[in-house]
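Shared between the two complexes below is chain A, which pairs with chain B and chain C, respectively.
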Partner chain A sequence: MFYRRAGIRHTSYRAERQLWPLPFDRALVALVFALLVLAPLYLGDLYLAGYLLPWIIWSTAALGLNFLMGGAGQIHLGYGAVMAIGAYTSVHLVRAGVPLEVAMIGGGLASAAIGIMFGAAALRVKGLYLAMATLAMQYIVDFVISHVPAISGGTQATIQVPTVRFLGVPIVGNTATYYMALAVGTVVTLFMLNARRTSLGRALAAVREKDYAAEVIGVGTLRYKLLAFWISSFIGGVVGAVLAVCYLRSISPDQFHIELSIQLVAMVIVGGLGSVLGSFFGAALILFAPIVLNNVIGSLSDTFALSISSDLRAHVPLMLYGALIIGFLLWEPLGLAKIYANVRDYFLVWPFRHARR
Partner chain B sequence: MPVLTGASGAQAAVGGPALRCTDIQRSFGGVQALKGVSFDLQQGEIFGLVGPNGSGKTTMVNVATGFYPPNQGRVALFGEDITGWSPHRIARHGVARTFQNLALFKGMSVLDNILVGRHIHMRPSALATLFYWVAAVREEVAHRRVVEEIIDFMQLQDIRYEPVEIVPLGMQKRVELARALAAEPRLLILDEPMAGMNQEEKEYIARFVLDARVERDLSVLVIEHHMDVVTAICDRVLVLSEGAPLAQGKPREAMADPAVVAAYLGQGATAGPARASA
Partner chain C sequence: MSAAADGPPTLIAALARNAAEHGRTVAVRERDLGIWQEYSWTAFFDDVMAAAAGLEALGLKPGTAMTVIGDNRYNLYVAMLGAVALGAFPSPVFPDVPPQELTHYTRHGAPDIAVAEDQEQVDKLIELRGRIGRPAHIIYDDRRGLGEYTAEGLVAFAHVLARGRTRLSAEAGLKADIASRAGGDDIAVLLHSSGTTGAPKGIAPRHRHVIAAVRNAAAGGYFHTGEEHYAYLPTAWIGDFVFTVCAGIMLRFHINIPERQETVLGDLRQVAPTFYLAAPRAWDNMLTHVQVGMADSTPFKRRLFDYFMPRAVARERRRLAGESDGLRDRLMGLLGEMLVFAPIKDSLGLSRTRRAYTGGEALGEDTFLFFRALGINLKQFYGQTETSAFTAAQDDGAVRLHTVGRPLPGVDVRIDDSGEILVRSQSVVDSYFDDPDATAKAFVDGWLRTGDAGSIDADGQLVVLGRVGEVVRTAAGERYIPNYIENRLKFSPYIRNVAVIGAGLPVLNAIVCIDFDAVAYWAEQRGIASTSYADLSQKPQVLDLVRDVIARSNQNFEPGLRIHRFVNLHKDFDADDGEITRTRKLRRNVIEERYAPLIAGLYDGSTEVSFDARITYESGETGTMRRTLAITEVAT
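Up next, the complex of A and B:
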């Protein structure tokens, strides 16, 4: 079809290592990015603030978690807590009059500092034990936030965020917030894409695949695991800041419970471990599948005038949602990104299927 | 260049043996895997470590590369005491090794696997990763050139973009050797580089090891079971049996030692059959 590799010859290592070596991929990325940038012009407020904006924010969070889980192979069940630390730190900094640019970095640094503490404790253990240690982090952070009035203002309290400016532009209204989230998302995406072709990403992949072999070529595994925790937590903190300060504009402890962490892990796994594109797919599926299913069931019962009890009406979408995730994992354990890659591989040689790609 | 006098500078010690192990003892629980092994590996030498299965060869290598610190004894690298150092620190001091059962990084291409071998010469950082176009691309290209030289040397051109797990076993062994060479080590340790290979593949690896020694100024420690290879490429061998050194010297002489013959063939055997099987 449009994916054509024939005749594309790179004459320098630099050109060969570019992010999208195929012109078609580059055009596709440019098109999608242009659509995202221009979205406020053609999308209504409901779709922009209700769908696109949360999708961008949660995709960015999923990217940060994917850096740790897919990039370095360390599971983290407390990523919601990491975001909470960044969110609360930045909210308090903003309320104290610190500019948003600094508050975001501050939120990231606070998340990274506390995240790395739990990471260091967790690094002595692997696999399921690491999962338990990060789960403990989730509960400890949850508890501390809601029970220390200086942080949360009390278990039921909601802290309001004053209007903030970013680089002189007031972040009010959906459009400004959207561009804010898009900018942060773009930076994190570029970082993730580049990580696959630099020594940092390779060292982390080495630690993920075989830590003793990584040691023997000079990669200090402890140091790199900690670095992965640090970077991932930093991204989580910054995304938490964007979420609380720019999007929600208010913050309460119940926004960052274990459900959020589980959802983030689901986004990463359903999307595809280690895949940048997969993080976007995974976030979209986890966010929108319940809404879409709900609407589909609703319209079905309306058109066919089915007498579905309200209980069933409320639960069927959730059941289908669960089945959908299980189905995706059974059918393609490598996630939505792999499904996309399969389709792409098919078209790379279409219609000459006998030609190996 | 200023002359270094302390024992800390690697330069100062050049001239001593590449690897000196003195009275190495190591036990796991009640099993004493190494019972006082000592040897000197001279610079530029290909030194063979041979012995029956379970004689402690791989344990010896794991002690030398820092995976198991010895219970007793010292390990010195080019005159510098490295006993108890962590493996990645030893790697930075010029030791590279391959593994008995391949330890390549799945999910990465052959090229990326060899590029990881350059790790100790690169400066990985998160900021350089984010600003790849200004901060990392020159370093990446420079190291890519070095890796391409090694790819040429090891004749891996055809498979450089293949995912490493789909490459045939003989080639995987070669990729692992290439990854070790990419670190530009002074001491190369090969743990059964020819296990499971046919005659042609064995000859290729033997040739690569001999060439690498000359072109890259290497000292080589090799564990190998194929006696034809050992006698062909090793300058000296150390024979281990049940964790204790049996004989040391030129390959043919060491293998003809009565104690070695007894360890391989059982008590009462004569030297004749041993030589014939070698």
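Up next, the complex of A and C:
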């Protein structure tokens, strides 16, 4: 109905490969990006710092994990630990007087270096066994961080993030932090959008579909599996730094436990494996569904003056949240991105049912 | 009208002007391996000059023909214009002409050079050369499959171009020389009439004819400068030459050439032309395509379509009858445009089409109204090869269902006493090529006898009835063309064939052959069971259905030309039984003889008639079977 495709013709193969060939999609992307950039102008602090900011950060993290899980088909249950390495490395670097930009890269490199070691397990094991190996990484990293005072600052300690500048702008107040997160998120999103169109993306897809088949057609499995872990862990480390600087402001080991890892895996799966858009959808659902459900249940019980026990009151949203995720996976195993694609297709071929010709 | 008085006198001069004044503008886009290759006017002109120099080096003489055979390709157009620049003339041939018929199409103008699109055409030309010793040189565009060919005189077009370029760069002034050789009185192209009666006649419009034709059409608002044009119609048809080559160059169209004939519809969507011409059958196919797609669509979308479409068609019908829209109509139109029409136009690739035309034969009323209701400005035009394609066209605001519009500016049309349409214009050719007998018959006192029967109505609009040879009279002296009435009836999806009877008889009656698929589907929807074509055709409900179709069609005719009674035949007319030709034209004498008892029954007032139907078996044996068929009255 909204999509117009007549008159779109390409005079070069490069033009044909553009990300959004349809004007409507381009307009939609531009609109959403403009809304995000202008968000501080029209959104209150609560929404900006409490909703939009974590959504951007978690989406970026989900993108990094999606690169590994959706792009290269390697499961990772220790992504929280990867982010922890990045967060602690960059915060320590910043405290040592290193500029934030460099510290972020340093965090990413540290994450990549350690991530690739555990990723090496993927060369030998797959599926559930790789899940176990990465789960082990989660616990080992957790243990090391909390038991090495030099890193965590002591068992129960939290480390404050000093006031820093990013690209010359002091990261204080909601607006500056939001823009910093948005900038990093935009860069990662652009990377993700383009990665799959490159030889790297295609090689990873080959590895994802069948690693020995990829080897047969000349895609070095060793190289690309390790590369996938390296890149994904690097992004995880950078996002860990952003999380620490922009959102947490003081870090402690318990913020990067297994819960965070599971949350990110859920975002990727619910959003849609391998989908850039899905990572944003997944992050939104996993982050906000509990809050929304909580509010809905709360207002329902208030409105109808139901005498719900506080136990039940606390657990019903969680139960619904679980049901929601199970429902999504049953209804559309390919995730929210696929649901969006279905809706888009419905309008794309309007008023017909199928694509014509 | 002295239309050709100003502006470039030849196509080559117009091309040179475009290259000089609009050199960087895109002239031609050709889809190749999925990508649109663009050629600017400068590149186009340079290629044409190089082709001319190359062809001259190959021995192309002024005043001779050059056979061109293949689908629409940029290189073939370049070759055609290259020949034109030398004062020779291209003679495009339909690519599906079988090898033995090629002789007909190459007998004029001594074509010694032929340009072929691909291996298939090269094979035909080599075979032709084996038979008649011509053409000596065969130039091919697509080299696929030709690597092992050792036939003499076989040369790649790229090679001809390269040779031409070498000549042009070696000899200063050669380019200017070639560009100025063609004159307004030179033949621009050699085409052939369709040849339904005997061998095809050669028709060779000169530059001044085609240029006058384009001027006339442009003056009539038929098309404008800078149209987005889609060159997909056969190059051997006058329409493609005049639209793509002549109008394309004179009015600086962007000429878009599809990748292959099989991709024409898909590529159409990428082109989204502003000007689109298609044969009635193509419009019918497009309509079917939409209807099938909608029947298969989701319930909600289908309901929207079923709500808006009939209303839009009814509104268009009222508009054509001269009523203006109410506010409600206009609002409904806007809503329908947004929800249904614009997306459909987009999916067809006609969303930017400002001027859409159909011609050649009559277009069904349903199809015509459907596309107009969609918001496509579909109009009919009328023309012959002899008039360089342009005789008459419908004007905006004066579109009628049964006319082909008014004569274009610069075209005089009159009807002679026998009812034949005569045309006089600067765009009419002087004579048939090398055929004094046919010329003497068709060109009389400066008027072209078109061979079409027609009339001019009170508005000055031209009504084309059919071929003059088909005119017959009833006993009451009423003059009519059975084919014209039959075509109107066949616009109904339920009628596949029909023979209108009445020559020398008091009134018109009809023998109808239902369309089995459409009627069977219609019956199935209504729970009417049938066992065979014969059984289905005699169902009372089916008889009622056909009666309603005829009654509606009768409204278009004067009382003397209305059908009074009809019979549904137990079978379709069949070429194996000799009732129709292989090209689906009725053989009236066979029908009148074979179904004489049936025709007698139609006129003696009986309500049913029994007769022995002849059956021809596949083995060639014949037998008979007794049939009883019902005769139905139609309200007139």
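Going forward, the second predicted complex is superposed on the first by the 352 of 357 C-alpha atoms of A that agree within 3 Å, B and C clash if a C-alpha of one lies under 4 Å from a C-alpha of the other, contacts with A are read in each partner's own complex, and residues count from 1 in each chain.
The definition used in the following text is that a contact is a pair of C-beta atoms (placed from the backbone, for glycine too) under 8 Å apart; a residue touches a chain by one contact, two chains touch by 3 or more.
Note that the structure is a prediction, hence the values are computed from the model and not measured.
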Chain B and chain C placed together on chain A: clash or fit? fit
The answer to whether chain B or chain C touches more of chain A is B
Here the angle between the directions from the C-alpha centre of chain A to those of chain B and chain C, rounded in steps of 10 degrees, is 60
Q.
Contact-wise, after the overlay, does A:13 reach chain B, chain C, both or neither (first, second, both, neither)?
A. both
Exercise for review: Determine, under the contact definition given at the top, whether A:221 touches first (chain B), second (chain C), both, or neither.
Suggested key: first
After superposing the two complexes, the shortest C-alpha distance between chain B and chain C, in Å, is 7
Interface residues of chain A shared by chain B and chain C, listed 12-13
Chain C partner, complex, touching residues on chain A are 1, 3-13, 16, 346, 349-354, 356-357
In the complex, the residues of chain B that touch chain A are 65, 67, 86-89, 91-92, 96-97, 99, 103-108, 112, 115-120, 122-126, 128-130, 132, 136-137, 139-141, 143-145, 179-180, 183
Interface with chain A, chain C side, in the complex: residues 29, 31, 34-38, 265-266, 269-272, 289, 293-294, 296-298, 301, 304-305, 338-340, 342-352
Residue set of chain A touching chain B in the complex reads 12-14, 17, 187, 190-191, 194-195, 197-203, 205-206, 209-210, 212-221, 227, 231, 274
